[in-house]
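After this come two complexes, each holding chain A, first together with chain B and then together with chain C.
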Partner chain A sequence: MDKLSGAQAELREMDALAAADSPVHRLHPLCKLLVTILYIAVTVSFPKYDFNGLMVMLLYPVLLFQAAGIPVRLCFYRLRMVLPLVCAVGIANPFLDPVPLMRLGGLPVTGGMVSMVTLMMKGIFSLMASFLLIATTPIDALCAALRKLHVPGLLVTLLLLTYRYIGLMLREVAVMTEAYHLRAPGQRGIHISAWGSFLGQLLLRSMDRAEELYGSMLLRGFRGEFHYADIPACRASGVVFTMVCTAAILTARFVRITTLLGSLFVR
Partner chain B sequence: MIEFQNVSFGYDAAHSVVEGLCFSIGKGESVGLIGANGAGKSTIMKLMLGLLRGSGEIRVDGLLVCRENLPAIRKKIGFVLQDSDNQMFMPTVYEDMTFGPRNYGLSKAETDRRVDEVLNQLGLQELKFRYNHKISGGEKRMAAIATILAMEPEVILMDEPSTALDPVNRRTVIRTINSLPQTKLIASHDLDMILDTCQRVILLSHGTIAADGDTETILRDRALLEDNRMELPFCLQGWSPSTRSHLPG
Partner chain C sequence: MHMADALLAPAVAATMYAASAVTVGASVRTLKKDENMAKLPTMAVTSALVFAGQMINYTIPGTGSSGHLCGGMLLSSLLGPQAGFLSMVVILAIQALFFADGGLLALGANCWNMAFYGCFVGYYLLWRPIMGSKLFQGLGAKGAGRAKIILASVLGCVITLQLGAFSVVLETSLSGITELPFGTFAGIMQPIHLAIGLVEGLITSAVLVFVYEARPELIMDVASAEGESRYSLKTTIVILAVVAAIVGGGLSLFASANPDGLEWSMFGNAESGYSENMGLDEENYGISSGAAEVASSIQDKTAFLPDYAFAGSDSAAGTSVSGLVGSAIVAAVAIAVCMAGGFFRKKKEYANA
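Moving on, here comes the complex of A and B:
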């Protein structure tokens, strides 16, 4: 399977993952969305040197991955393209903040090193929570939840259509790449001289296809608003989940849990 | 049911795709639209649906095709696109079938009733919850027809419905078309299919009507067809699989 076909298959697998059944999948989409937003907001709000406090935040995604029956390694595998970027964000910190904060095994640990690690952790935890949300909630249900939060319909439609049409665009790219390689045997990738026309053709083909699709939608009564999944009313399980997670996340943020735990063993 | 009066359209002022078209189609008629590539078959359908705007007058069930009437007209017409991938944009067949009815304000219960009725009518119940990307080309074409029938249109337009189908799927599509009581306009190069499904044929040539009449009369007219870059349907060419071995090559 080539890279493009692999990417298409991964997109489809995400749909299949979201359609699976587990206690987390059965939770109301709005509850999951609200908790995820809170989790990300709280995670990024931790002070830059608060490594210990941030570590506690790892519990939420890890526990929910277990409950949803989704291996954590799958998350890292799917996010492999984004993770290096997230990790690269704080890479300059050790040079910008060289003041030693502590010594570890005789070696000085600078503020820049700690802030780099916490920045990476914030990014990775946020990605894990987002992945968990989309891996346990079908895109239609997620869009319905966004509309319930009064996110503008145009933005939600854009999100939905982008998600749907990434697959179609990948297929167009795959067809064009295949046609190119059949006439350029032995060549790795697409030669730089062909990039312009390749991208131009892709744009034109995508526009044609988009026009056809939009026409098809118009002909079936589309007036700018999708009828998203019929999400049922929130049940007690959703309310309990939201309340427990909110309490736990806020506790993790404002109570020094690691210090409290440590004080049980060290006096 | 459908009336074209002096309809012209061109993508630029210098070149007309269709020129001074006048014809009408009665209720319940099944009409084939044939012609060489670029003759204007798809353009006629898009003009009828208001996706393209030309000059002249087009009426569907008495309604003039204009911006104000488009919602009402599009509710009456179902359009089966040539490429089913462009038509099936929801994840599953069920969701695709509910897209139109829900947009027209039908309740979930009524929509589900229509979906089941159409799937039963076409014998496609097993496709209901299948993912669109996992069904075959033939199944996708049938599902595309089902999405249109779920809207209960009065007129059905089909653009090359038999393209890229194997013989069995093609035959299924033909049987399905013949079982539909609606007014039908079918654009196709598959003249054998037109012969099997339409009582009347409109032959287009460079955007004008070269012939309009009984299907058999037109499709048996070798000279007329050849003048318009077409050939007799295979079934009228006087050969069959048993005589195939006598053909050169």
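Moving on, here comes the complex of A and C:
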């Protein structure tokens, strides 16, 4: 099935990206996590009409994508998830807020138009930043960073284990769906007579599998906590990266860079 | 229902993070008290299963469309509310990180809207009272159990989805993101999620009934459903009536056309400068297009980008134009960086080859 194999392909792609090597990949995961959260928080904090101020924020993901050697276009496929809801919320703005803010070559630009575009930009920018984080940081390194932030070990272990099993479950459900469709040609989804048994059977099998899994974990000496990736202590590069990015992000928020830049050309 | 980062103001996002973090902390504490580490692999496998199961299309008979599984109720009825909540949090985190479904900053809000209601409200206020009740006594032990599972999962999915959708509306409105008046937005969201909740409830109940037939011990509170009841019929009905009154009354109160309470909380209660920072404009909030002239005359006087003028420029329009030119320059630099990066990468690949 399309959605299932698509999800598997996406997981594989992210794993491959995160396994590559670049200056951004080598940064300490905790530094990347903190800077990403700061970037997203600052990006969404721009006022709803401040399109110009927001545009400067584009530079952070674009520069880091290049430094990491990841083409920007890779993350645009993912926008299909983010944009529909953002658009649904923002699409009414041009109709409800028709007060012209300025005129551009005779055409009025209304507040609603500006706020809608700004909203979409915020969605795109925060997606780019979180994509960048996950495309340059393997999941176990991220989990180690979360442990450093004192996220409960139970939750982090659960995250790691679930991530490990999602690939397996996706494959299993994909096989089952394909088998079902081969025996029920012309049907688009699961018929109501099989609603319960389809996932129910897999559920029963998975519960047994979980018991076996726990047994094998115990045999290998599991005592309630995993050993995460050995992330080295934060080096100077991580500290410098965090400080430079924090300074740059805060500058972009509080200094009107685009206006200053534009005033060099337009009086 | 996954919210994106752009739909939340940082203050709202932080509040929701705090609320979800407290719930995570409390759940971890409860689970640790049980010292039941054997549950961990079961939680992981089940949440991975729900994640994959959410991608299955279930055909809705009589229509051309398809429905999907509701995770919260299924997980809490299999694992219990605390373990179910943590599993849901992990699913939402993976969806946000790897599939861009929901955002990193909005994770707290998403956990609250989808996991908290589905697991805690759904379990304590609906699942457990219904399973422990004396409803459907005439159907025999097995039949009563089946009927109770169906009732509890359908009611649970509908009500928790309504609460979740209402929270989405509330959070978006408090963030000052949309120009839609609160009542209109809620009026769009709630009916849509009523239909979604109904279908999700039916799918969830189908899966649970199947498990109940094969391995009843896997489902929470089944013993009380079949054996002696913990709640009398009267208690159950009272609990359900209270839930219905809270949900129905609360929603209709907030979703009324004249949301005084919300406006007060957004504007009357705001610290000075807060509404400006959040892009809220009290005079202009929620005014329909018919009253646009009035709004524009007010707006002319209030001059709402006061901090926008900078030294050397006297006209407000001039400032905006120079801002736009600056934005265009930034965009051009960004494109140039992309193209330069692509150029060098290709060169490197060529050199490697």
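To be clear about the criterion, the second predicted complex is superposed on the first by the 202 of 267 C-alpha atoms of A that agree within 3 Å, B and C clash if a C-alpha of one lies under 4 Å from a C-alpha of the other, contacts with A are read in each partner's own complex, and residues count from 1 in each chain.
Basically, contacts are C-beta pairs under 8 Å (C-beta built on N, C-alpha and C of every residue); 3 or more make two chains touch, one makes a residue touch a chain.
Because the structure is a prediction, the values reported are computed rather than measured.
Once the two complexes are overlaid on the shared chain, A:12 sits against chain B while remaining clear of chain C. Look at A:209: by the touch rule set out above, it reaches both chain B and chain C. After overlaying the two complexes on the shared chain, residue contacts for A:168 are found with chain B and with chain C alike. In the superposition on chain A, contact of A:127 is made with chain C only, not with chain B. Looking at the superposition, the partner that touches the larger set of chain A residues, chain B or chain C, turns out to be C.
After overlaying the two complexes on the shared chain, residue contacts for A:233 are found with neither chain B nor chain C.
Contacts of A:217 after superposition on the shared chain: both chain B and chain C are touched. In the superposition on chain A, A:196 makes contact with chain C only, while chain B stays out of contact range. Shared contact residues of chain A, touching chain B in one structure and chain C in the other: 164-165, 168, 209, 213, 217, 222. The touching residues of chain C, when paired with chain A in their complex, are 2-10, 13, 24-25, 28, 31-32, 37-38, 40-49, 51-53, 55-61, 66, 69, 78, 86-87, 89-91, 93-94, 96-101, 103-105, 172, 176-180, 202-203, 206-211, 214-215, 218, 276-279, 284, 287-289, 292, 295-296, 299, 304-305, 308, 310, 312-313, 316-331, 333-334, 337-338, 340-342, 345. Interface residues of chain A, counted against chain B in their complex, comprise 12, 15, 139-140, 164-165, 167-168, 209, 212-213, 215-223, 227, 230.
Across the complex, chain A is touched by residues 46, 49, 51, 71, 74-75, 77-79, 81, 83, 85-87, 89-91, 95, 98-100, 102-104, 108, 131, 133, 147, 151 of chain B. Residues of chain A touching chain C in their complex: 1, 3-4, 7, 10-11, 14, 36-37, 40-41, 43-45, 47-49, 51-53, 55-56, 58-59, 62-63, 65-66, 69, 71-72, 75, 78-79, 81-82, 85-86, 89-90, 92-93, 95-104, 112, 115, 119-120, 122-123, 126-127, 129-131, 133-134, 142, 152, 154-155, 157-159, 161-166, 168-170, 172-173, 177, 187-192, 195-204, 206-207, 209-211, 213-214, 217, 222, 224, 256-263, 265-267.
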